[in-house]
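In the two complexes that follow, chain A is the common piece, with chain B as its partner first and chain C second.
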Partner chain A sequence: MADQGGSNHGIARTSRTRTEEQRQKDLERIKDYRDLEDQVRAHAAKNDFSADVFALTSKLLRLNPEYYTVWNVRRRCLISGLLSKPSPGSSPSKASPTSSPTATTTTSSAECSSSLSTETPPAPECPTTGKSGTTAETEADKEDEEQKKQQNKEQDQQNDQQILQKELHFTIPLLLESPKCYWIWSYRLWILKQVIERLSVPVARKIWEEELGLTSKMLLRDQRNFHAWGYRRHVVEQLESPALEGKSLVESEFEFTTKKIEQNLSNFSAWHSRSKLIPRLLDERNADDEARKAFFEEELNKIGEAINVGPDDQSLWYYHQFLMLNLVSFVGHPTITPAFTQEERVTYLQREIEGIQELLEDYDDAKLIYEALFDYTLYLCQLQERKPNEQEEEDLKSWLAQLKKLDPMRSGRWADLERDLGLRVVEEA
Partner chain B sequence: MAMGSIADTLWDVVICGTGLQQSLLALSLSRSGKNILHIDPNDYYGGAEAAFSLQEAESWVDRLATEDKGLFRSASITKPDVTGLSFPRAYSLALAPQLIHARSELLSQLVSSRAYRQVEFLAVGSFYIFKAPLGPDQQPSLVRIPSTREDVFSTTAISAKAKRGLMKFLKFVLDYHSPEQRDAWKPFADKPLVDFLQEHFKMDAELKTYIITLTLSLDGRISTEDGLAIIQRHLTSMGHFGPGFAALYPKWGGISEIAQVACRAGAVGGAVYMLDTGIKSMATAADEIELELSSGDKVKTKLLVRGDEKVGDGPSISRLVAVVGSSLKSLFESTIEGAPTPCVAVVALPAGSLTVSGEATTSPVYVFAHSSGTGECPNGQSVLYLTTMATSNAREVLNSALGSFLSAMEQDQAPQCLYQLYYEQAAGVKQSRLDELTLDLPGPSLSLSMDDSMLKHVREAWQKVVGETVDDAEYMVFTDREPVDDDDYE
Partner chain C sequence: MTTQNFTSLPQELQLATSAHVKYIQSLDSRKDEYDYWLTEHLRLNGLYWGLTALHLLGHPEALPRAETIDFVLSCQHENGGFGAAPGHDAHMLSTVSAVQILAMVDAFDDLETRGRGKAQVGKYIASLQNRQTGTFAGDEWGEEDTRFLYGAFNALSLLGLLHLVDVDKAVDHIAACANFDGGYGVSPGAESHSGQIFTCVAALTIAGRKELIDVDRLGRWLSERQIAGGGLNGRPEKKEDVCYSWWVLSSLEMIGKTHWIDKEKLTNFILSSQDTDKGGISDRPGDMVDVWHTCFGIAGLSLLEYPGLEPVDEVYCMPKSTIKRVLGR
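Then we have the complex of A and B:
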C-alpha cells in the first residue's frame, strides 16, 4: 500500500500500482468508464432518472466516487421515484395534521399525474381517477380511507427505510477506499437527513446512533482524520436535537476524547474537541466553583503528565496554552474557572512556570519548552499589569538565546520579539 | 525427485535433523530442483525445537535417562495428585517457546518465501515485573512494563522524573546507530548494559529492571551492545503488525510449527522425508559421502548437513514447563482498542525478588505464560514456561518462582499445577563447521527471543548447495505456487 506521506499522517491510502502488462487492461477500463459516463449524462440530460439510470450511477460511482455530478443524478433518481412521495402537508416524524384526510379526486389525480410524468416505477398507490364519481362519502368510507392512508404511510416508510439503509451500505466500501472524499460524506449526510424527514423517530434515532458508531470506527482506523472528527460533531449535534428526541451527549463525547488521547497523545483533533466540549460539560454538570476548580486542576495534571513524556509535541502545548488562557484571558467568553480571584490566577500561572522549568532538567533542548516559558512569563506580567522585573528579563533573554540556537529558521521571529520587548540578547560564542 | 530407491540417487544434499535451522534450509531449497533427502532419527519433527504431547514428553524423558552427553539433561516429569489433566494429545508442550519480534529477519524470510501462510501467528502481549509482597500479610503483584510513550503516560507506578529518564532512554535507543549516540555507548559496548544505564542515564534500580527485562537477559548482565540491539528491535517492532504488540508466537507449539511448515514446503518441492532414520556410519570419498542409514539403506550425497549436538561454551538453562488449571485471563487482556487478544504474556521475577533456601536469587526467572489460545493446552488451562540460569539449586528456584507467580494471580484460590516437566539445556556450539563434505550447523539457541544471527548459517549452507553462481538476492524469495486472494485490510 502506498504511503501518501504527510497529508495522511502515514496512514496508507490504497492505490493501484501499474505494470506495463496492466496498461492495456487500463485502456480498456478507461473506455468502459467513458461509455458509462456518457450513458449517465445522456439520461440525465433527458431528465430520465429511472431505476436503470440509478443502476448506472452505482457502477460509475464505484469507479469514481469523486464525480459529484453523478451523486446528484443518484439523488434525483431517489427523489423522483425510488423513494416515496411525501403526502401533501404531512411528514411521518411530525404529528400528522388533521388537514384533508379525505382524498378528493382532484388531489389524488394531481399526485398520480406528477408521478406519471417522470416515467418511474411504482408510484405510491393512488385511488384510480376513474372511480365512481360519488361526491358524498359515508363515515365508514372515511375510516377506510384513513386506514388505507395509514397503511400506505407505513408501507412507504418501510420501503424508504430499506432504500435509505441500502444507500448507506452502498457508501461504506467507497468510504473505506477513500475515507476523505467530501462527496461520499456529503451524500451520506443527505441520506441521513432523508432518514430524519421520512422515518419514525425511533427508527431514525437508531440509524443515527449507528452512524456515531461508524465515526468511532473511522477514527480507530485513522485517529487524525479531520473529516471524521467534524463529521462526528455533526452526528452528535443531530442526535442531541429535538428532531431525534435527543439529549446531551457531552459526557460520553468528553470520555471519547479521553480514550483517543490515551491511545495516542499526539491526537491534536482529540485535544481540540476536548477543549470545545468543556464549557458545555461544566454547564450541564451545574458545576459550582469548587467543582470547576477541581476540574481545572485535573486537566492541568493530565496535560502535565502528557507534556512530561512528550515535550516536543505541539498538540500538547496548544492544549496547555488553552488552559493558561483560561486564567489570563477571561473577559467576554466562557471559561472553566470564572470565579478565580486575581491571586488564584497568579498562583496557578506561577506554579505552571515553575513546573515547566523543572522539565528543563531533563529536556534541555526542547524548543517548545522555552517558547512556553517565554509566553507564560509575559502572560504573568500581563495579568499583573506590569513590566518584567530584572530576574524575569534575564530569564527571557536566556530563553530567547536558546530559541535562537534551537530554531534558527525562525530567527526573524526571535529578532522581532527581542526588539519589541527591548531585550538585547548576548549571543554565546 | 528421483524415482526408484533412495540408493540410486546421488543426492545433492542429505539433511539430518528437522530442527529449526535444518528445516529452514529445506525451505530455502524447496524451489531449487535439487535432490534432497531429509532424515531425522526421531519419530517426530522439530528436533531440539519440537513440541510434545504428554505421551511424547514421557518418551523423550525416558530416552534422555539412558543418554548421557546430549544438550538436554536431568529431565523429569511430576504429576501432582490432583484431577484436571486432560488426555495426552490435548497438549503440545514446546521445547522452544521463543517469541519472535515483529521486525525479526526470520519473519521477513517467512513472508518472502510465502511459508508464513501456513503458520497462524498470535500476539505476544504485555511484559510484567513480579513485585514481592510488601509485608507479611500482603500479596505479591505484577506491574506492567511500559514500552510506548502512551504506556509511560498512563502508568502510575513511576515518578514524573523517572518517566522523563525513561523517555530519554527510549528516544536514545531508537536512534542508537547514529554517530552521536554511538559515541556515548561505544565505550560500554562489551560492558553490562546496567552499567551504561547507571553511568549515562543515572537510572534508578526499578527502571534498570524494566529495561533489562525487555532484553530477556538470562543473567541480567547482557552487554550494552547486545542489549541496545534487542531493545531497539522491541521498540521498533511495537505496532509493526498491529497495535498493542511487539512480538509474535506461532500457534500449536511455537518454533516447532515453523520447522514443520518449512519441512512441508521442502516435501512439496520434491525433497524425500524419512523420520525415525539416523546415520549409522559414513565414509567420505573424493567428492561424495556414502552414508549407511539406520534403516539399512546406503545413500550417496555431495553434501551432508547436520545440526551440531555438542555442548558448547556458555551457561546452561533450567526450564520448568507447568500446566496449570486456570485460564489466567487477567494476563491476556489486550490493553488497546483494536488490538488482537494476546496469547502469550511475559512475567519476569528479577534477581533478588525471590528468596530460596534463605538466599535471595542472583539471576532473573522468566515466566512465559501461554493461554489455551496457543493450542498448547485445553480451554480453561494455561501452560507456563519458566526459565532461569542453570545453577545447583535452579530446580528449587523455579519451583519457588512458580509458587510466587501463582499467588500473584489474585484469585480466590491460587491456580493448581496439574503437570510439570523439568529439564536442563546446555548451550550449543555457536559457529558452523565445515569438514570436507560435512557441514554442521550451530546448536540450538538458548535465547528467549528469536535470535536472527542463526539465519546467516542457514544462508551459507544454502549457498553451498546451490553453488556460488546463484545470486543470493533470490534467497528465500518465492512466489505462491497457487494464486492466493490477498486480503489487504484487517
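Then we have the complex of A and C:
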C-alpha cells in the first residue's frame, strides 16, 4: 500500500555495471544532494522558515519533486513569513466549503512547533484603534486610517498574488517532467486554495480559470492521465462554487469530452467523464421528454458509429453499456430518460440488439459483440420480467459458444454464465 | 495447477526465490547509488514491500528483526504518526506501513513500551478523517483519496481501534465513488481504476459491508483487465503491469471471482517479469526491477497458489498467518 512514486515503470533493464569513474560521479551527486537536504532539515528543525530556506527548497524540489516533506517546508515558509498574515476578520467567509481536516489536526512534524502550519497566525501589527471613544479622534483621522488600512490590504494582496503566481509557475516544469507525481499536483492545489483565501474574487477566478488550460495541455500530452482528469474535475468544481462567484460549466465540460473523443475514440476517461456530466447537463438545460429522447438517440448514434469502426475497443462498449443501463436500471439514480415508457425502453433495446447483430456480418470474430448481444438480451428479459424464450435461448447458447471459443482466458466466467442461466452449450469442435 | 506443472517449466519461468531474497536484502546497502537517496521518502513503504515479499517467500528472518523495529520506531512523531524515514513528516501512507511492519514482526508491544503507543497512532489516523464526507486525508495538508481511507481502515483494524472513526460515513463515501461499470475511483466522479477498486473493496470488506458491491458488474470489469499476454492492466485500453496482478486479483478474490481470469497465463506473465539473475520483479518483462513490483508480483503469485509461497491475505496484503495472529481470524 502506498503510491507508485519511485517505482520503475517502463524503464528497460540494463546490465547496470558502473565504471569507477561513474561511481565517483554518483558519489559527488549524492554529496551535493545530501548537503542540500541537510541544510533544509537543519533550518526546519530550528523552525526557521525564512526566504533563504524557501530558496533551498526550490533547489531540492527540482532535484526530487517526490520529497513531500520538503513541499511541506515550502508551505510553512509561505505561511510563516512570505505571504501576508490575514488580518482578523478578513475574508474568512471564503474558506473552502468542503473543509478538509487541516483545521483540526496538529502539525505532522515533531520538530515543528505548534506555532506553525495550520494554527491561526498571530494578528499583524495594527494601528492602535483602542482610542475610539475618546475625543481625540476626528472624522478625518478615521478616514485616513481606513484609507491606510485599505492600502495595506491592497499591498498585501498584490504581494500575495505575485508570490502565489510564482509558485504556480514553479510547479509547471516539474509537472511536465513528472506528470504522475501526486505531491506536485497536491501542492499546486494547496497554492490555489491560498489564492481563494487571500485574493479578491475576480483575481482568484482568473487564476483558477487558467488551470483549465493547464489540464487541457496535460491531457494533450497524455489523454488518460487520471491525475490531470481528477485535477480538472476539482478545478471545475471550484470554478462553479460560490467562493469564486461561479456558475455551471457543465456545457463547456461536456463539449470538452466531445473534443477529446473526436481526437481519439478510444479515450475511456473522456467517455467516463461524459457519463457523469450528462444527468446534470440535461437537468440544467431543463430538457423535456422530447429533448431527452433526442439527446439519447444522438448519443446512441455517436457510439454506434464509433463501434462500427472499432468493435474490439472496450472503451466504446463500456459507454454503450452505460446507455443501455439507462434503459433498464433507472430507479434510484439520475438517468437520461426517466419518462420513457416501458414500450419505448423495449423498442430501443431491441433495435440495438438488431443493429449489433448486423455488425457480425463484418466482424464475426469480435468477442465484445457477442458479449454485448448476450448481456442486452438478458437486459431485455429483465425489463420484461420474463425468462428468455426459445429463440433467445438458442441465440444465447450460440453467442456463449463463440465467447468460449474467442475468449478462452475468461472461460470461468462463461462457465458461470452457462450454469446460472441453465444453458447447455455444445462446444464447437 | 500442480507442483508438477511448475517444476517442469523452463528455468526462467520458475520463481527465483533465493535471488529475490538477496535482492531485497541488498536494498539497504545501496548507499552509493543516487536513487537510494532520491527514494528516501518511500523508505518505510519500501521496508513494508520488502518484508512482505520475504515473509511470503518463506524467509521472514532475512531482514534483522531488532533493527527493523528500531528503524520503524525512529520514524514516529510525537503526534503518533510516522514519517517515511527519520526527519520526514508524518503521513498516512508511512503510518500504515509502520503498523503493517510492526504487525508482521509481532512488535506491537515495542510500540507500546518504546514508541508512542497504539492509542496515539490511532488518534493520529482518526484525526485525518474528514468528518463531513467520511473520507481521509493523507496528512494535515488535506489531499484526499480513497487510498488514504483504505490505509486508515487497514491500520486501525490491525490496532483494534476502528471505533475511533466514523465507519458508516466512510462507507457512504465509498458508495459515492462507485461508477456504472461497477468500479470505483479516487473520489466521487472519478474514473474506475484497479488500484482504487482494491482500496474501496478492501475497505468495504474490513467494514463488513461487501453487500454494497455490484459483484457481477465489477467482476466482469476486473476480468477484462487481463489482456493478450496474460498480464493485467489498470484501466481499459492500457498496458499490462505486474502490480495490477495484485490490485485486480485481490479484488477478484474478495468478490470470489478469481476463476474469471486465466491464472496460468497471469502466473507466467509475473514469472517472466523476474530478473532471475539478480533478483527482483519489474512492471513487465525486460524492464528494471524495483521492490514495489517485487512485492506485488510475489503477492500475486501467492494468491495464484504458486507452490512454496506463504498464503497472502487478500485484504491486508500481508501473510495470512500474521492476520490470524493479530485479528484471530
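Note that the second predicted complex is superposed on the first by the 360 of 429 C-alpha atoms of A that agree within 3 Å, B and C clash if a C-alpha of one lies under 4 Å from a C-alpha of the other, contacts with A are read in each partner's own complex, and residues count from 1 in each chain.
As a working rule, contacts are C-beta pairs under 8 Å (C-beta built on N, C-alpha and C of every residue); 3 or more make two chains touch, one makes a residue touch a chain.
Given the structure is predicted, the values throughout are model-derived calculations rather than measurements.
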For A:Tyr182, is the partner it touches chain B (first), chain C (second), both, or none of the two (neither)? second
Would you sort A:Lys259 into first (chain B), second (chain C), both or neither based on which partner it touches? first
Go through the superposed model and pick first if A:Arg41 touches only chain B, second if only chain C, both, or neither. second
Where does A:Leu359 make contact in the superposed view: on chain B (first), on chain C (second), on both, or on neither? first
Looking only at chain A, is it chain B or chain C that touches more of its residues? C
Could you say whether A:His272 touches chain B, chain C, both of them, or neither, answering first, second, both or neither? second
Please indicate which partner A:Ala306 is in contact with in the superposed arrangement: first for chain B, second for chain C, both, or neither. first
Set of chain A residues, in rising order, touched by both chain B and chain C: 1, 14
Interfacial residue positions of chain C with respect to chain A in the complex: 31-34, 37-42, 45, 48, 77-79, 81, 83-84, 87-91, 93-94, 96-97, 100, 127-133, 137-144, 147, 150-151, 154, 179-181, 185-187, 189-193, 219-220, 223-224, 226, 230, 235-238, 241, 243, 257, 259-262, 265, 275, 282-284, 286-293, 317
The chain B residues in contact with chain A across the complex are 149-150, 152-154, 160-161, 163-165, 167-168, 243, 336-338, 488-489
In the complex of these two chains, what residues of chain A are touching chain B? 1, 14, 176, 220, 259, 262-265, 305-306, 308-310, 359, 361-363
Residue numbers on chain A that touch chain C, as the complex places them: 1-14, 23, 26-27, 29-30, 33-34, 37, 41, 63-64, 66-69, 72, 75, 98-102, 104-111, 117-118, 182, 186, 189-190, 193, 224, 226, 229-230, 233, 266, 268-269, 272-273, 275-276, 313-315, 318, 321-322, 325, 408-413, 416
